[in-house]
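Got some structures for you, see below.
One chain, chain A, appears in both complexes that follow, with chain B as partner in the first and chain C in the second.
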Partner chain A sequence: MLLSVENLEVKYGNIQALHGISFDVREGEIVTLIGANGAGKTTSLYSIARLAPPEAPKVVGGDIRFMGESILDTAPSDVVKNLKLALVPEGRHIFGNLTVMENLELATYSRDKDADLDKDYQRIFDLFPRLAERRKQRSESLSGGEQQMLAVGRALMTGCRALMLDEPSMGLAPVLKYELFRTLKKLNKEGMTLLLVEQNAKLALDIAHRGYVLDTGTIAASGTSEELAGNPEVRKAYLGG
Partner chain B sequence: MLASILQNVINALQWGSFYALIALGYTLVYGVLTLINFAHGDIFMVGAYIAFFVASFALTTLGLPGWAALALTIPATMVLTSLVGVTLERIAYRPLRRKGAHRLYVVITALMAGLILENGNLAILGASRKAFPPLIHETVYTIGGVSFTNLKIAVIISAFLVFAFLHWVVTRTRVGMAMRAISYDKFAVPLMGIPMDNIIVVTFVLGSAFAGLAGILFAMSYPVLEPYMGALIGWKAFIAAVVGGIGDIRGAFIGGFLLGAVEIMVVAFFPSTFRDLIGFTVLLVILTFKPTGLFGVAKTTKI
Partner chain C sequence: MLRYTFHILLILAGGLITWMAYEEMIGLYTLSVLMFMGVNIIMSTSLNLVNGYMGEFSCGHAGFMCVGAYVSSILGVLLFAKDKVFGAPLLDPSLAIYAFPFIVLAGGVAAALAGLLVAIPSYKTRGDYLAIITIAANYIIISVIENLGVIGGSRGFMGMKRVINAMEDVAYLPWMPIWVFLFTVFSVWLLRRYLSSTFGKGVSAICQDEVAAEIMSVNTNKIKTISFMVSSGVAGIAGGLFAYVIGYVNPGSFNILKSTEALVMVYLGGMGSLSGSILSAVLFTLLLEALRPLQIIKWVVIPLLLIILMQFRPEGIMGNKELGDMFPWLKRFYKFK
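Right, the complex of A and B next:
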């Protein structure tokens, strides 16, 4: 098991956001967490990324294990550096005052100085040719879709083996959404493990192997994508009938 | 007339160099932590005192000649002053950051830390002023009615070299890139595998080391040290950084020289007691028209 979340309970101040949820991700899988706003999807990702307060919640119960080891005491930068688990946050959070290339370069901060970075840059530019065209541009001048590509490309440049994505389709035009999800599928085929949080459940279940439905901080349903897509309650609540 | 203008320009550059060197430290820390480190002026004072002790030790105990004492004093003071800055960050600011304290409390902590440095100095070393020992022989050169000393020129060159160095760090190195990234979006920095605390420590090292350098140069230029020497110059350097556009090192540099120039010009035409009144009024007017400072831009984020 690459990642397992066990009976995780977290709080923001006095407000409990997760009430003992469990889920796991195996190497090479695409797993999706779906659910309404406020269900605890982002909270789950922030907890795994070990982000510090005030953004992130405090774990009050349960455990998060990466390859069997608890990571509750791991610093957020070490989750990226040592566990090679990267997060593409909701809202992209690209560094708008840096160029596209600088954003990508910054993501290599914790990697070995002699790592073969050129190959990795080339891989990003193959996946997202638009970024190659705009590599010298200040990234705040990119369109929303290009910013999302940069956010994904930047996360990949950390040298991660597993990628968490928080609402990657948000704010994208339909054609860009499909393009992005095709790219994610392709990444997965090349061996990248994905943990995908999406409000657009249909899009997520289309590419995911398995999924979990979150509802107000608990797991309401789980199963393979086909099972979830065929589940009448899931269909009614998240897939528009 | 021309000679008098040139003379004032040289004086303004020298005087502005101190503001610029200190303002750079304010702006670096602000850029990374959005914290106005009000203790920074007192770090400058501590730097001057460290320089005093190192220089006295080198001259009397080691019996070194002046130039060798200076060669020892500069690196030793910069290292020791940066240690003071890093210690301040570690014991005063980091615990608050860990608890997610509101910025207001951190600023108040900074003010308190500054007062502790001033009064700690007063308690330990007493109220008597210290005379900084002469390290180099000051030579006065006069060219076409304009006179300047080797020390004045050294002060100005130092300020420019420090700016060039910091500009290189911020624009060309990975740490500098991380500093710029933090100033734009703190949240995403750890997600890049960058330990925030390391970048913050580097920021305090740079800011404090150059405040220490300013302390040495100031003590050599005006060789009387007292515990409150950093208070007013610190406030002024902070204002210089704000006028330049706090968070931008070009702004701090230009702002420092601007303030130096305004003060020198005021003294050239008015009684010197008008200096701060007119100086601050000019800065107030600049901020009225450009509240984000000369190099500051209102931040916008794209969703």
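Right, the complex of A and C next:
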């Protein structure tokens, strides 16, 4: 088991956002968390990424284990550096006044400087040819879709083995959404483990192996993508009938 | 050779000032303005690290200067000068010449430690709230010193002239201009190296987006701690030099008004531009002197100029660019990295 979340309870101040959820991700899988606004999807990812307060949630119960070991005392920078678990946050959070290339370079911040980085840059540019075209451009001048590609590319540049994506389809035109998800699928084929949080349940279940449905801080349903897509309640609530 | 032009110019400038001061070709007044320029350069560049590059708002910079000023003054007097309170010098005054840089650096180290007063709260606080903490830190430092009777309290502390005299007894040179010049160069070099390191990239990452910095494996708490400590430590160096230039320190001269002066210089020069800060420190010092005949009205005119600047060029003289970015041909003449 690569990542397992056990009875996780999380609070923002006095408001409890997660009421003891459990889910796990195996190596090489695509697992998706789907659910409506406020269900606790982003909170789950932020907790796993160990982002520090003030913006981040406080874990009050349960445990998060990575390869069997609790990571509740791990610093956010070490989640990326040592565990090689990268996050593509909702809203992209790219460095707007840096160029595309500089954004990617920053992602190698704590990587071994002797490592063969050129190969990794090339891999990103193969996955997202648009980024190669715009590598010298300030990233705030990119379109929304390109910014999302940059956010994913930047996360990959950290040298991660697992990627958490928070609503990557948000604000993208349908064509771009499909293109992005095809790329994610391709990444997974190459061995990348993905934990995908999505509002667009159909799209997410299309590429995921397994999924969990979150509802107001609890797990409402879980199973393989086919099971979830066939579940009448899930269909009604998240897939439009 | 060409790329060392800058270094050669720097050495020539330092040598020229020393020579002219030695031959008494420039008066004491001009010399003191030049020295304040150096102190102001150190102050504004060090504050720029926090306010410009890291994007926090520190308005208690003078507090750290105060720590540096007092620690290096007391240390100098204790070791090398006869004093009413501390008695006979602990070491042979003729050693003062060698120990002086370490005395100033000790002030810097003490100020860096005082910087923790702001660095630790900065883990969980930012923006306006952190600004309030920095003001509080400034007041705490001043109040503590005002209430320490041993070192003169609010009446201040003096005796540093005797340390300088001890240096002049060994070799008659204009020591203070030399030290100010060397420390100014050292401070700017240090900040420049810090900011252009991999670590320094983390500083600007925090400035832009802290969440993004964290998920790029930037250890934000560590960087904030070190940056605040470097910034306040360098301010401490400025304070130490300031104390020895004037020969007298009192807590009143490091109040919030002094911090404001540092802020004005940073914003005048441009946030995130070291060369901007240097330029603005020079201009600001000259402006203060040029407007001296206006006496108290000076403090009406200068803020007014500031308002005008903010209206027409809110990003400051240089914005966030360095001189080398604005005039690329300049890059032929220096190479820092």
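The working rule: the second predicted complex is superposed on the first by the 241 of 241 C-alpha atoms of A that agree within 3 Å, B and C clash if a C-alpha of one lies under 4 Å from a C-alpha of the other, contacts with A are read in each partner's own complex, and residues count from 1 in each chain.
We adopt the following convention: a contact is a pair of C-beta atoms (placed from the backbone, for glycine too) under 8 Å apart; a residue touches a chain by one contact, two chains touch by 3 or more.
The structure displayed is predicted, hence computed values, not measured ones.
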Fit or clash - chain C, chain B, common chain A: clash
Touching partner for A:72 - first (chain B), second (chain C), both, neither: neither
First, second, both or neither for A:81, with chain B first and chain C second: both
First (chain B), second (chain C), both or neither touched by A:115: neither
Contacts of A:140 with chain B and chain C, given as first, second, both or neither: first
Touched partner set for A:60, first chain B, second chain C, both or neither: neither
Which superposed partner A:94 touches (first chain B, second chain C, both, neither): both
Chain B/chain C common contact set on chain A: 49, 51-55, 75-78, 80-81, 86-87, 89, 93-98, 105-107, 109-110, 154-155, 158
For the chain B and chain A complex, residues of the former touching the latter: 98-100, 174, 177-178, 180-181, 183-185, 187-188, 190-196, 300-303
Residue ranges of chain A touching chain C (in the complex, touch as defined): 49, 51-55, 75-78, 80-81, 86-87, 89, 93-98, 105-107, 109-110, 154-155, 158
Sites on chain A touched by chain B in the complex: 49, 51-55, 75-78, 80-81, 86-87, 89, 91, 93-98, 102, 105-107, 109-111, 140, 144, 147, 154-155, 158, 171
Footprint of chain A on chain C - complex, ascending: 123-124, 198, 201-202, 205, 208-212, 214-222
